[in-house]
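Paired with subunit B in one complex and with subunit C in the other, subunit A is shared by the two complexes that follow.
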Partner chain A sequence: MAFVNPKKKEVQVKIVYYGPGRGGKTTNLEYVYDKFSSRIKTEMVTIKTHGDRTLFFDFLPFDIGKVNGYDVKIQLYTVPGQVKYNATRRLVLRGVDGMVFVADAMAVRREKNILSLKNLQENLANYKRSIFKVPMVLQYNKVDLAEQGIPILPVETLEQDLNSKLKTASFPASALMGTNVVATLKKIISLTMASIVKDLK
Partner chain B sequence: MSYTLGQEQLDGIENVLQQDLIDIGVSCVFLIDMAGNIIANRDNGESQHDVYSLAALAAGNFGAVSAMAKIIGEGEFSLLFHKGVKENIHFNKIVSDFLMITIFSNDISLGFLRLKVNEAVEKIKTALGAIEVP
Partner chain C sequence: MENETTGDQFSEEVENRLQNLFGEEEPSEAAEIKSADIKPHPLRELKTVILAIDWEITDEIMASFVEQVAVFQDTYRNDKIVLVFLQLLGSIGEYIRTHLGQSHPDAFKILTSLFTELERIVQSEDLTEVERKKILSVELGKYKKLKNQLMPSKALADDRRSVTAATSDRSPVGGVQPEIIKAIEDLKLFIQQELRILREEIKKLREETGAGQRS
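Presenting the complex of A and B:
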């Protein structure tokens, strides 16, 4: 849950990137870190395996300026996507304010996206949170791979699989190229801030 | 959804951190919630630590250790301590939703630190009152 500090006039907001393994969650954060390096005063924290896979989480804090006179500190986290790391994934979700679900648009990953979204729903339920109530944005990553002849799921299929009940904003994207990475981030920040702005008096 | 503490509560907590810990020679202390948010922090003016990253990692670390405790049949390990060459970190849980993290050099003995931390924790519990993180 976002913590509002009336003394420092500051609010800390936690946004978590979720999704199947090798889907591009860390790549999203790396792009943001690179793009906004002038605004980010600290180094991105990553806890990964020797094989460069996320083991626990990545963490990237940055300031977006003031809302209602409060300094807003956005804290971006990723979870490890691999199925076996569910215990650590659940820990990262604690106190989440907003979510980006990074789906892998490659046709071969269709099932993994659906399972990961279901896993997110279960893990949120563990904290008595509903997937339908936490602000969320979907990102269909790797759409650029179509140019290389790799079979990509049509957006309509991804929408049908993942967004038919959530009915939230979604972006076809390429985290590697940076396409729609910032648009995704802006959307989740605005949805998340809308959900807590009433508390900033 | 969000939660907050009042100005007086925050003043009270910062006073405890300053008087009970920083003034005895602790280099940096911060109170965080289990989501990794910083509630209050104080330092001796010399430490240049990135407290936001430390808070995120500390919450994750404590969460991981709690999960390990449950697997071996312990409710929880309420105290954690990491020893370094020059600096050490001490974690102490405060009620169910908060953690106090203290960074201190070898100039302070662990026993003395634990004593002072326990005193501070009791005062902070009183300052927090019956707050529940949603």
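Presenting the complex of A and C:
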């Protein structure tokens, strides 16, 4: 549930980018930070390992301005995708308002995507949250690799694997090139804000 | 957050805020994915394996990597710089294959860096020979740095010899397992062999370039 401060007229919205390791979660945030740092005027916090892998999480906060008289503060988080960091992933999910699931469109990662989504479902269940009730957007990242002849899963396959039950918005994307990074972000913010208002009714 | 506006008004307000923040700098048309002018990637199979290594290291993937390096060594046998790149990749790949998850973290970084630069060299038609050599030289520097990190220091080796001599009837020695010592010795030998081959290649390359410049 979002943190709402009626006195200060402020809402804090927590959005978590989830998905398998090396799928492009951090790259999404880095793209947003690099492109819009002059507007969002905040710092991105990131903690990496030796091999440039996300160890704990990335954090990018920014304000979107006033909505319905309230100052809306968005907090973007990523989780470490590597299997061994499940405790951290679970911790980052605490109090999440919206999710972006960043799937890796490479054919060799098909199973990892499915396992990661299942892991998300389990971790949300730990907080008594249903994956079907948390606002979510799916992003099929790395589709640009098809240009280089790398085998990529067709969007239909990704939809079948990941979105057949969720039936939520999805975007083929290239976080590295920035394709659909902003579209994904805008969509999850809209969905999450709508969900918060609905809950407050 | 009170429900002061209707759902549509609210959505519109959110959209406006987001448009203000992210509006104008969305990726241009040029950045969109176009399939019409796709060129086949010259190192496609090798790239697939490199990306797989980035994900997980298995015997199967590493065997495929060694195989692909060999294939491209044959394909690029007339391009000395590309050949040296492939030898460096093969050398690091062999090290990772032997040590798998225990490999030095920098080995993966250098593997990726070597491949990125190799891609650049293979794909950029406008790079001059001098620029290509400069790129190789930078990558070679990184490779050597890793090699130095992997080599046990002389002092450590000397210490180990003296301790071994004094306590030759005891094992393990000073907390260092004989298998580890053997592994380090093997690695040292392996790197020395690889470097010897690379030195010969570079020497040949220099001779050829020197001859080319004189003629």
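Following the convention adopted for this analysis, the second predicted complex is superposed on the first by the 197 of 201 C-alpha atoms of A that agree within 3 Å, B and C clash if a C-alpha of one lies under 4 Å from a C-alpha of the other, contacts with A are read in each partner's own complex, and residues count from 1 in each chain.
The working rule: a contact is a pair of C-beta atoms (placed from the backbone, for glycine too) under 8 Å apart; a residue touches a chain by one contact, two chains touch by 3 or more.
Treat the numbers as computed from the prediction; the structure is a model and nothing was measured.
Enquirer: Do subunit B and subunit C fit side by side on subunit A after the overlay, or clash?
Expert: On the shared subunit A, the partners fit.
Enquirer: With both complexes overlaid on chain A, does A:Val45 touch subunit B (first), subunit C (second), both or neither?
Expert: A:Val45 sits against subunit B, while subunit C stays out of touch.
Enquirer: Regarding the shared-chain residue A:Val108, is it in contact with subunit B (first), subunit C (second), both, or neither?
Expert: In the superposed model, A:Val108 contacts subunit C only, not subunit B.
Enquirer: A:Ile64 in the overlay: touching subunit B, subunit C, both, or neither? Say first, second, both or neither.
Expert: second
Enquirer: Touching A:Lys186 in the superposition: subunit B (first), subunit C (second), both, neither?
Expert: Only subunit C; A:Lys186 stays clear of subunit B.
Enquirer: Residues of subunit A touched: more by subunit B or subunit C?
Expert: The larger set of subunit A residues in touch belongs to C.
Enquirer: Touch check for A:Val143: first (subunit B), second (subunit C), both, or neither?
Expert: second
Enquirer: Examine A:Tyr77 and indicate which partner it touches, taking first as subunit B and second as subunit C; both and neither are also allowed.
Expert: Touch partner of A:Tyr77: subunit B, not subunit C.
Enquirer: Is A:Val4 touching anything from subunit B or subunit C once the two structures are fitted on A? First, second, both or neither.
Expert: After superposition on chain A, A:Val4 lies in contact with both partners, subunit B and subunit C.
Enquirer: Between subunit B and subunit C, what is the tightest CA to CA spacing in Å in the combined model?
Expert: Superposed model gives a least subunit B-subunit C C-alpha distance of 9 Å.
Enquirer: Can you give me the overlap between the subunit B contact set and the subunit C contact set on subunit A?
Expert: 4, 11, 196
Enquirer: How about subunit B: which of its residues touch subunit A in the complex?
Expert: Against subunit A, the touching part of subunit B is residues 1-7, 10-11, 33-39, 50, 52-53, 56-57, 59-60, 63-64, 67, 133-134.
Enquirer: If we count contacts the way the header does, which residues on subunit A are in touch with subunit B in the complex?
Expert: Residue list for subunit A touching subunit B: 1-7, 11-12, 14, 42-43, 45, 47, 56-57, 59, 61, 73, 75, 77, 87-88, 91-92, 94-97, 195-196, 199.
Enquirer: Tell me, which parts of subunit A touch subunit C in their complex?
Expert: Contact set of subunit A toward subunit C: 4, 11, 21-22, 35-36, 39-40, 49-52, 62, 64-70, 72, 106, 108-109, 112, 143-151, 172, 174, 177-179, 181-183, 185-186, 189-190, 193-194, 196-197, 200-201.
Enquirer: For a test of understanding, state which residues of subunit C touch subunit A in their complex under the given definition.
Expert: Interface residues on the subunit C side: 1-5, 7, 10-11, 13-15, 17-18, 20-22, 25-27, 31-33, 35, 38-41, 44, 47-48, 51-52, 54-55, 105-106, 108-109.
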